[in-house]
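What follows is a pair of complexes built around subunit A, which joins subunit B in one and subunit C in the other.
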Partner chain A sequence: MNRNYYILTAIMFFLALGTLFIHERKVPPEISPGELLWDVLQPTRFVSTDEVAKRLIEKDPSLLLVDVRPASEYNKFTLPNAVNVPIDSLLTPAGQSYFGNPGMKVVLFSNDAILANQAWVLLKRMDFKNNYVMKGGLNEWMKTIIQPKMPPQTAPETAFERYDFRKAAHLYFTGAGIAKAGKSASKMKVVFKKRKKAVVAAGGC
Partner chain B sequence: MHVHELNPKKTLWVLILFLIVIIIGFITMKKPLLNYQLSLQQTTKILNDTSNNYFYPYQLVNVLDHENKNVVLIDLRNKYAYGLGHIPGAKSISSFSLTQKENINLLKKYKKNGITVVLYADNQLDADGPWLFFRQIGFCNIKILLGGYDYYKAHKNNLAQTKEDNSYLKGFPRFDYAKVARSKTGTFSASQKTRKPVIFHRRKKVTVAAGGC
Partner chain C sequence: MGPLFPNNLISGEWNLLIALFIGMAFGFLLEASGFSSARNIAGAFYGYNFVVVRVFFTAVIVSMVGLLYLGYFGWLNLSQIFILPTYLPSMITGAVIMGVGMIIGGFCPGTSLTAVVIGKIDALFFAIGLYLGILLFAEGYPFLEKFYHAGYLGHITLTELTGIKAGWWAFGFTVIALAAFWVTAIIEKKVRKRIKEYKF
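Here is the complex of A and B:
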């Protein structure tokens, strides 16, 4: 047999041997840095507190609120039905189970939008879609929904309509809407007692 | 017997050509301009490093007085906004042109020379995304200006005094949420204890009705 066949076989053998050193990538799938920057520059990820309040009042089943603050802050106060995924837990399987579910829209929030925005960037890098950031966070929530201010008399009609909505939302959320983490609103039980007839009716018309 | 076994030189040439093609392929393989230098775990850790991430408004005083020449300010807003007003000495590189090759090379040059790059936009949130992006691709010399241009514009005549101010700081609750969101109208709140069931008692007739119409 030709000597060159041996050489060719040896080269192929070494190339095949090289495949043994290719390790399986254990890192989660990531989008390219260029794609990430492009997405980061789009303002479409921000939703207003009004929009979140509206969805909550409508009990939108496709909405999931995620509080990215530390558990100590979450336990003091959070929005109705919000789950707590602190930013350190975003990389754990338990934390990631809330994201990327088909048909679900996840709104991230924190005290303001900074921490929630950073969580969004990390999730975007991991290619999780349908995540949004509540602009202004809980501070803005308090300003606009819990303590709405009447617009000046010269404000356009839409500002008054928004104010009316906020007043209604204020009543909703300071009533049965706001729930402490871990506790659910329980309805009052009304017990009716039947009137007993004491004696046989006597007299009357 | 194969035909090329009659001509061993021909086989050798094919073999050499094969190797040359592979080597040229490796040499000319295009490297991507940007690569993640920090893993996701490392990125979550740097988010807590407040000393290395932020540039405070009062620190601008030294930059504007040309005392600190190791700082370069980059205005991420569009050219129009930059033209209307900007921090003196700031370079205009709008967010959408950040990843152009010449801009990346400029940032690499700053990093090599140990120059701190401070990004700013109208507010902190607008510059937060680009800042976190650059940290992930390895630009550890990039900081973000707290308060952004809006805060600078409002306090440009008294920047040194802003050291005591904390209105530009983000990430803190500005309200006692639980207290503010508590019901003031007496309506039911889940945070309150569950009320006892309401029992209606009817007044009993003491005696047989007497009289009537």
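Here is the complex of A and C:
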């Protein structure tokens, strides 16, 4: 018998022996790259800040806001009723419990849309449905809802309607408008007009 | 990373072309291993030539152990690999028919075609019979359909069926295969001594 056969037999035996000690890698279920690419290119995942504000005001029960920023930033300020799932805990069972629930629409947000987009891609790869990204993130929220700017006079009417909505939303979320109105009212000077006393006729009768 | 086709690493257009080249390589290796000789194939059943057993066992254990390692290294997602669905009664019947056919004809379907290519007359007749069999099966399919689909077990593996880790199956099969290599070598030696008219 050829000496090579002994060597090959030994190699094959030890390789097979090795398979006893390796464990099968658990690969989480994932959508195909083609599908992911297609969905990443779609703008349909973006939700405007106006839409989020509208649903918040309407108290839409199917809306779940998820703040993907770190907990320290979440504790400083966030949107009303938002839950905090930092992007690094997105893959934990506790973090995943918020996603893919039937009937719920999850809107992800961060300071800008980048972190939220990253979180969205992770969730998309794991095939969670009904996830959206707030366009522009909290920066856009500040710009449009908290400090809305009046459109120029030449803007179309819809822009003014949007501005009206944003002003109303601004009042809803900050309550600052009412205080302002009170302030300006107190600034008004009440002018007392002193009635001149009738001149007493001098000289007696 | 892998498998390559389901993950779009190789596009659909290349799929068939690569399959063609793999098929050519397969045919070449069958011929190079001596599978285009009916004597070699039937020899496994008469005990004087076990090259078929060795080549196919080698293919099985190398790919089996290799797949497990690739899965462990993360180069291949084993859950995406196509697993042939199991229909137990029809598969056993098919295996028996194929085994009997190999003893009688001296070829299996693939090797008969490689033998036709190198110009063997017996392989030509075998291939004609092969296509007649395919025609017969296709025409008789309505009668066979019920039996064909009986005992469907789904895309199961031995690991799922028994709960024994894949590594143990791979190791067990490898030990059996390696033992078979040596045992068949001994059998070959003894049988060949008794055969006078055929030189090896």
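Here, the second predicted complex is superposed on the first by the 150 of 205 C-alpha atoms of A that agree within 3 Å, B and C clash if a C-alpha of one lies under 4 Å from a C-alpha of the other, contacts with A are read in each partner's own complex, and residues count from 1 in each chain.
Everything below uses one rule, namely that contacts are C-beta pairs under 8 Å (C-beta built on N, C-alpha and C of every residue); 3 or more make two chains touch, one makes a residue touch a chain.
Computed from a prediction, not measured in an experiment: that's the story for all the values here.
K.L.:
Answer with first, second, both or neither: which of subunit B and subunit C does A:Gln147 touch in the superposed model?
P.N.:
The first partner, subunit B, only.
K.L.:
With the two structures laid over each other on chain A, which partner does A:Thr9 touch: subunit B (first), subunit C (second), both, or neither?
P.N.:
Touch status of A:Thr9: second partner only.
K.L.:
Classify the contacts of A:Pro33 with the two partner chains as first (subunit B alone), second (subunit C alone), both, or neither.
P.N.:
Both partners.
K.L.:
Name the contact category of A:Phe173: first (subunit B only), second (subunit C only), both, or neither.
P.N.:
first
K.L.:
Taking the superposition on A as described, I'd like to know which of subunit B and subunit C A:Ala94 touches: first, second, both or neither.
P.N.:
neither
K.L.:
Could you say whether A:Asn111 touches subunit B, subunit C, both of them, or neither, answering first, second, both or neither?
P.N.:
Only subunit B is touched by A:Asn111; subunit C is not.
K.L.:
For A:Ile22, using the defined touch cut-off, is the partner it touches subunit B, subunit C, both, or neither? Pick first, second, both or neither.
P.N.:
Only subunit C; A:Ile22 stays clear of subunit B.
K.L.:
Comparing subunit B against subunit C, which has contacts with more of the residues in subunit A?
P.N.:
The partner with more contacted residues on subunit A is B.
K.L.:
By the touch definition above, which subunit A residues appear in both interfaces, subunit B in one complex and subunit C in the other?
P.N.:
In subunit A, residues 1, 5, 27, 32-34 are touched by subunit B and also by subunit C.
K.L.:
Spell out the part of subunit C that touches subunit A in their complex, as residue ranges.
P.N.:
6-8, 61-62, 65, 68-69, 71-72, 74, 77-79, 165-168, 170-171, 173-175, 178, 181-182, 185
K.L.:
Inside the complex, what are the residues of subunit B that reach subunit A?
P.N.:
Against subunit A, subunit B makes touches at 4-5, 8, 11-12, 15, 19, 32-36, 39-41, 43-44, 47, 95-96, 98-99, 124-125, 128-130, 132-133, 136-137, 170-175, 177-178, 180-185, 187-191, 194-195, 197-202, 204-205, 208-213.
K.L.:
Which stretch or stretches of subunit A touch subunit B in the complex?
P.N.:
Interface residues on the subunit A side: 1-5, 7-8, 11, 27-28, 30, 32-34, 36-37, 40-41, 73, 76-77, 87-88, 90-91, 110-115, 117-118, 121-122, 125-126, 138-139, 142, 146-147, 171, 173-176, 178-180, 183-186, 188-193, 195-196, 198-199, 201-205.
K.L.:
Show me the residue ranges of subunit A that touch subunit C in the complex, using the header's touch definition.
P.N.:
My answer: residues 1, 5, 9, 12-13, 15-25, 27, 32-34.
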